[in-house]
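The structure under discussion is supplied below as structure tokens; questions concerning it will follow.
Chains: A, B, C, D, E and F, in written order; residue numbering restarts at 1 for each.
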Amino acid sequence: MSRIDGRNPGQMRPVVISGGVNPYAEGSAICAFGQTKVLCTASVEQGAPRFLEGAGQGWITAEYAMLPRATHTRTGRDHAQAGRAKEISRLVGRALRAAADLAALDGYTIRIDCDVLVADGGTRTAAVSGGWVALALALRGLGLQPPRQVMALSAGRVDGRLLVDLCYAEDSSAELDLNMVLAADGQLIEIQGTGERGVFSPEELMELIAISRQAAGDIVAAQLAAVNGPAR
Amino acid sequence: MSRIDGRNPGQMRPVVISGGVNPYAEGSAICAFGQTKVLCTASVEQGAPRFLEGAGQGWITAEYAMLPRATHTRTGRDHAQAGRAKEISRLVGRALRAAADLAALDGYTIRIDCDVLVADGGTRTAAVSGGWVALALALRGLGLQPPRQVMALSAGRVDGRLLVDLCYAEDSSAELDLNMVLAADGQLIEIQGTGERGVFSPEELMELIAISRQAAGDIVAAQLAAVNGPAR
Amino acid sequence: MSRIDGRNPGQMRPVVISGGVNPYAEGSAICAFGQTKVLCTASVEQGAPRFLEGAGQGWITAEYAMLPRATHTRTGRDHAQAGRAKEISRLVGRALRAAADLAALDGYTIRIDCDVLVADGGTRTAAVSGGWVALALALRGLGLQPPRQVMALSAGRVDGRLLVDLCYAEDSSAELDLNMVLAADGQLIEIQGTGERGVFSPEELMELIAISRQAAGDIVAAQLAAVNGPAR
Amino acid sequence: MSRIDGRNPGQMRPVVISGGVNPYAEGSAICAFGQTKVLCTASVEQGAPRFLEGAGQGWITAEYAMLPRATHTRTGRDHAQAGRAKEISRLVGRALRAAADLAALDGYTIRIDCDVLVADGGTRTAAVSGGWVALALALRGLGLQPPRQVMALSAGRVDGRLLVDLCYAEDSSAELDLNMVLAADGQLIEIQGTGERGVFSPEELMELIAISRQAAGDIVAAQLAAVNGPAR
Amino acid sequence: MSRIDGRNPGQMRPVVISGGVNPYAEGSAICAFGQTKVLCTASVEQGAPRFLEGAGQGWITAEYAMLPRATHTRTGRDHAQAGRAKEISRLVGRALRAAADLAALDGYTIRIDCDVLVADGGTRTAAVSGGWVALALALRGLGLQPPRQVMALSAGRVDGRLLVDLCYAEDSSAELDLNMVLAADGQLIEIQGTGERGVFSPEELMELIAISRQAAGDIVAAQLAAVNGPAR
Amino acid sequence: MSRIDGRNPGQMRPVVISGGVNPYAEGSAICAFGQTKVLCTASVEQGAPRFLEGAGQGWITAEYAMLPRATHTRTGRDHAQAGRAKEISRLVGRALRAAADLAALDGYTIRIDCDVLVADGGTRTAAVSGGWVALALALRGLGLQPPRQVMALSAGRVDGRLLVDLCYAEDSSAELDLNMVLAADGQLIEIQGTGERGVFSPEELMELIAISRQAAGDIVAAQLAAVNGPAR
């Protein structure tokens, strides 16, 4: 039995990442997972934040936000969903800091802005995956080593079946919702799993991680194409 | 003597408007004036705002905002530029209300969101021009008459020369900065002129209006193409 | 056919400006256009804002606000009308910066506060006109040259007739609403015109500017009387 | 030894209250204690607040604020002094609720706005005293009985001497600062005393209350003159 | 006729103060007046606030807040009661500054946080009384002299009877509500009295002060026990 | 090699949960994991939130906050840590909704407030564990079935060793930080793991889950003792 959009359980939606889409940003990308589309920019600023003064390292921070009509019905700009957005901003920042050599960034702060243009599920994972491309282009512009390749994808249990890269329709009826940040070699950087309707077992968790590692190959390839394609 | 980007004084930058770019919004468009790029969506909601209860008419309102890295250097999401954004939001709302038959909209509120992806001067005029396309597509979806065609463009005096559609480099050294909302027949709907560095005469004002009416033809054509092209 | 309050189309309401009304402010004035009454103070502070550091010039900024019961019905202090107030604050600031020699102000910031005590139309133009008096008195106190004389007034089309200095009753039924900042010699510093109900032609715009330049004489005279009268 | 402005210890500054100063408000007054000047308006609104639904009574509430340049140096509009202003707003509201027959007000909320135009000490007491005039005029307009007459004044110990109605210079060096709300017959409605620099005895408190009751006569007279003079 | 909880008119509820309850704070206490329970911490920070720069003294400031369910029904965390909390914060700060030698504190700011765990009337007085213990422990840790002993308690008129230390049930039907800050020798530091339902006489005020001075002995003893008991 | 406080890798700190600590709340508990101490209250309110109207179910929501001096150095009340607190509030709410039969709660909203009195690591897990006790007591008061027993604990990798229930000193040097919400039968309800310094493998994840399920027994026992002990 195939999925709502005809995919196999372990199959990503089409992954398309375009680098260098903003003429001003030091790094930028639009990352699409099917209809989901996130615009990511990396802004390089002189100086590290105050809490790092004298620590001999730079900083990477992220902000995630949705345009008001990224969703099926319009969401107001203020406050609405503010808690969720903060939480995802923190996730993206952690993931990209884990990718970079912060000591080499000493004296710089890189701000990653992830603005969701269209939200059809998996926006936080597209934000991490596209944000990595923006970061990689910015580091190249600074003459620094490329960051460790990281990406993110979602998985979950829907009607008892284990699936990767849930679209909105699947996500809204999922019994278990899992988001992972992975390194290119399949190691875990972050994992967040929630039993939205009931519990789950460690074995299900293992199985979802396994099929996600497989599916991540599509993202790895799209990221490399974007970074090695024509940057600004 | 040609302009910084080779244009004649009365020449628009390339105007490209794509309609139907958002799969959820009732109307949408990306409007580009050269590098400047604004994403506009129209969201149709049931019910008019409270101050119109019983007035027998609907409402159109607009919100204008910049993505943090739409500009040469990043601008924080909060507060920054909040006064300017409010002012432009009000301008866009007035312009599009002037275009529509609010009585025919009775029972509806249409929210126009204009989010600046790239800002190279003239963002408010691109917001009005693209917002009109989003509005026109939304009205068509409601089975209503198309709105009166309106668009906006900027003009100004730079180094003593009268120019239309200033890019950022021109705008930042302009002595006189003028924004106009025009109907397709050249009548005025709104005009805002500021002597940024010194004064200006009524005669200069007339001349700027005259060359702007000429240049507006490019916007008229691009709007019609977007509305009559493949909407969602 | 005379106007609602018996005036001719090109006639200002009585203009009364009293200077030196606040014992602490470096400059102050109450500016009345008919019933409309705005209290303006100029506060001189040491130091220029951050974005001007090293620029060799000072700064003038303005804040416009309404007392809660300046209007027919009470308006809450918070948020209400915040967008409109910001927009007018920016207008007043631009107008007064255009009047002053900012280089001579190096090392100072002057804050102009315009608080509307009674609002019967034209409050932003009374704020500019009274703000100029407060500024002129403050500059005199600093031993600087007087600023270029600027003032503001409104005009509009009501029931097809072109009028200056609209009172609230006229303003709320105006088809075209125009606000101008003028220099004493009639040159334009700022113009904002909105077709509230329909469009307007460049010729109407010219005619309104012409009758406004005439009417501005009353404001010029009242400003000079206030500045040359007994300051604090 | 006379006071800084030549007064005797138990002598008020000149008390001048003008009623009916705002053309829109249901009641209004400007109350001056010497240089201190507070504009008070009473706005009558239909309906009582939610927490009084079904209680068979109306409500009176107050808001106190300072214009930015009411003080020797300018104070920003936001947040600054917000705690102090809230505290005084609550005091004024309590004092005026104590004066009125809330049951007779059933179905109404009266909002008293007290905006300080010039602050030379005693602004909260001028706000209560002027607010009462605005309230009395508003009640008369509703055809209700006049409120119990209440007023407020300050007192304190300065350099060991007990004084009434402290001006700013006295207040800022006071060792004991006392504010009272009194009924016309001298009974107490509210008392707030603070040993700003050291302690005070119950006996000193009694003495200050006694001289304040004497001095209150000037306020009683000015209030009656304002209420019985030409209202709007 | 005894009180609702069996006390005599001049009798405090049981006063229990535990010092050193927080392992991190430089001083801390839980102060209970009957069911009312307030957690107080003193945080010592380097540096005085900006307005004291160069003044040769330190500063003490306080913040008072209620946990959402300190009250019979839950109160939201935001804004709700914000005015009241600010007012009490200011009261606690003033009382503790009056207790300390600010010159000896030069170079330090001490922040007293008073968080109400359970509110059964008299929370502000328990905050002052417990805050003093936290302050005293913090000063001892700095090797400074102990502060002048201060405490606070409430009193009032309920059904015509004069009572001390009102519990919530008494407080909510009080005709006169009085809060006092006292020194250990019975001198007054602050007094706040409000006729919630009608007026009161100077003689009643004197009588309430007299019985409160008596009752304060219980607080004096509990404070000393807490300070001299096992601090952290 | 034992841990910083002498524990074995799989050993919880002493778990002490006291139920019924607040006289007003429908359910309450203080949950201590070693020095960490969180006060939890459950407030039962009539009516479900708007988004559930007509859905035939009730709602449970949570708010998590820290007292300013819960931490080693004081944290300001506003904004500071707001993103983190929102994130944890959402976690606690999800965990407790997963425990309850929301259909049986139809017509009610239960608000769980978790206020951290002392923070020595693991505050979010103590909040879930204590919040469950407060919830269980509130449901009992409503005459409803007890909720499914859920609890939370942390685990992590520190210096290469896998440990449960990290204290602050361990947490701040952890390479991998894992928080779990578990049912009493060991099934997973939520899992959040972050490689703070580097990556981790699925096998390490499994091992941490396994030792955490063992350690959870201490929490299970303390929760049952609190629920079955003397409630308010």
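What we mean here is this: a contact is a pair of C-beta atoms (placed from the backbone, for glycine too) under 8 Å apart; a residue touches a chain by one contact, two chains touch by 3 or more.
These numbers were taken from a predicted model, which means no experiment stands behind them.
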Note: chains that touch chain B and chain D both are C
Could you run down the chains that neighbour chain C and chain E together?
D
Any idea what the CA-fit rotation angle from chain E to chain F is, to the nearest 5 degrees?
180
Interface overlap for chain B and chain C, more than half of numbers shared or less than half: same or different?
same
Looking at B-C, A-B or D-E, which one is a repeat of the E-F interface (more than half the contact pairs shared)?
A-B
Between chain C and chain F, centroid-to-centroid distance (C-alpha), Å:
59
Using the average of all C-alpha atoms in each chain as its centre, how far is it in Å between chain C and chain D?
33
Cα centroid separation between chain A and chain C, in whole Å?
51
If you look at chain D, which of its residues touch at least two other chains?
none
What pattern do the touching chains form: line, ring, star, complete or other?
ring
Reading round the ring, first chain A, next chain B, what is the order of all the chains?
A, B, C, D, E, F
Looking at the complex, which residues from chain B come into contact with chain C?
82-84, 86-87, 89-90, 94, 98, 183, 187-196, 198-202, 205-206, 209-210
Which residues of chain D touch chain C in their complex?
22-25, 28, 35, 39, 41, 43, 45, 63, 65, 67-74, 77, 111, 113, 115, 117-118, 120
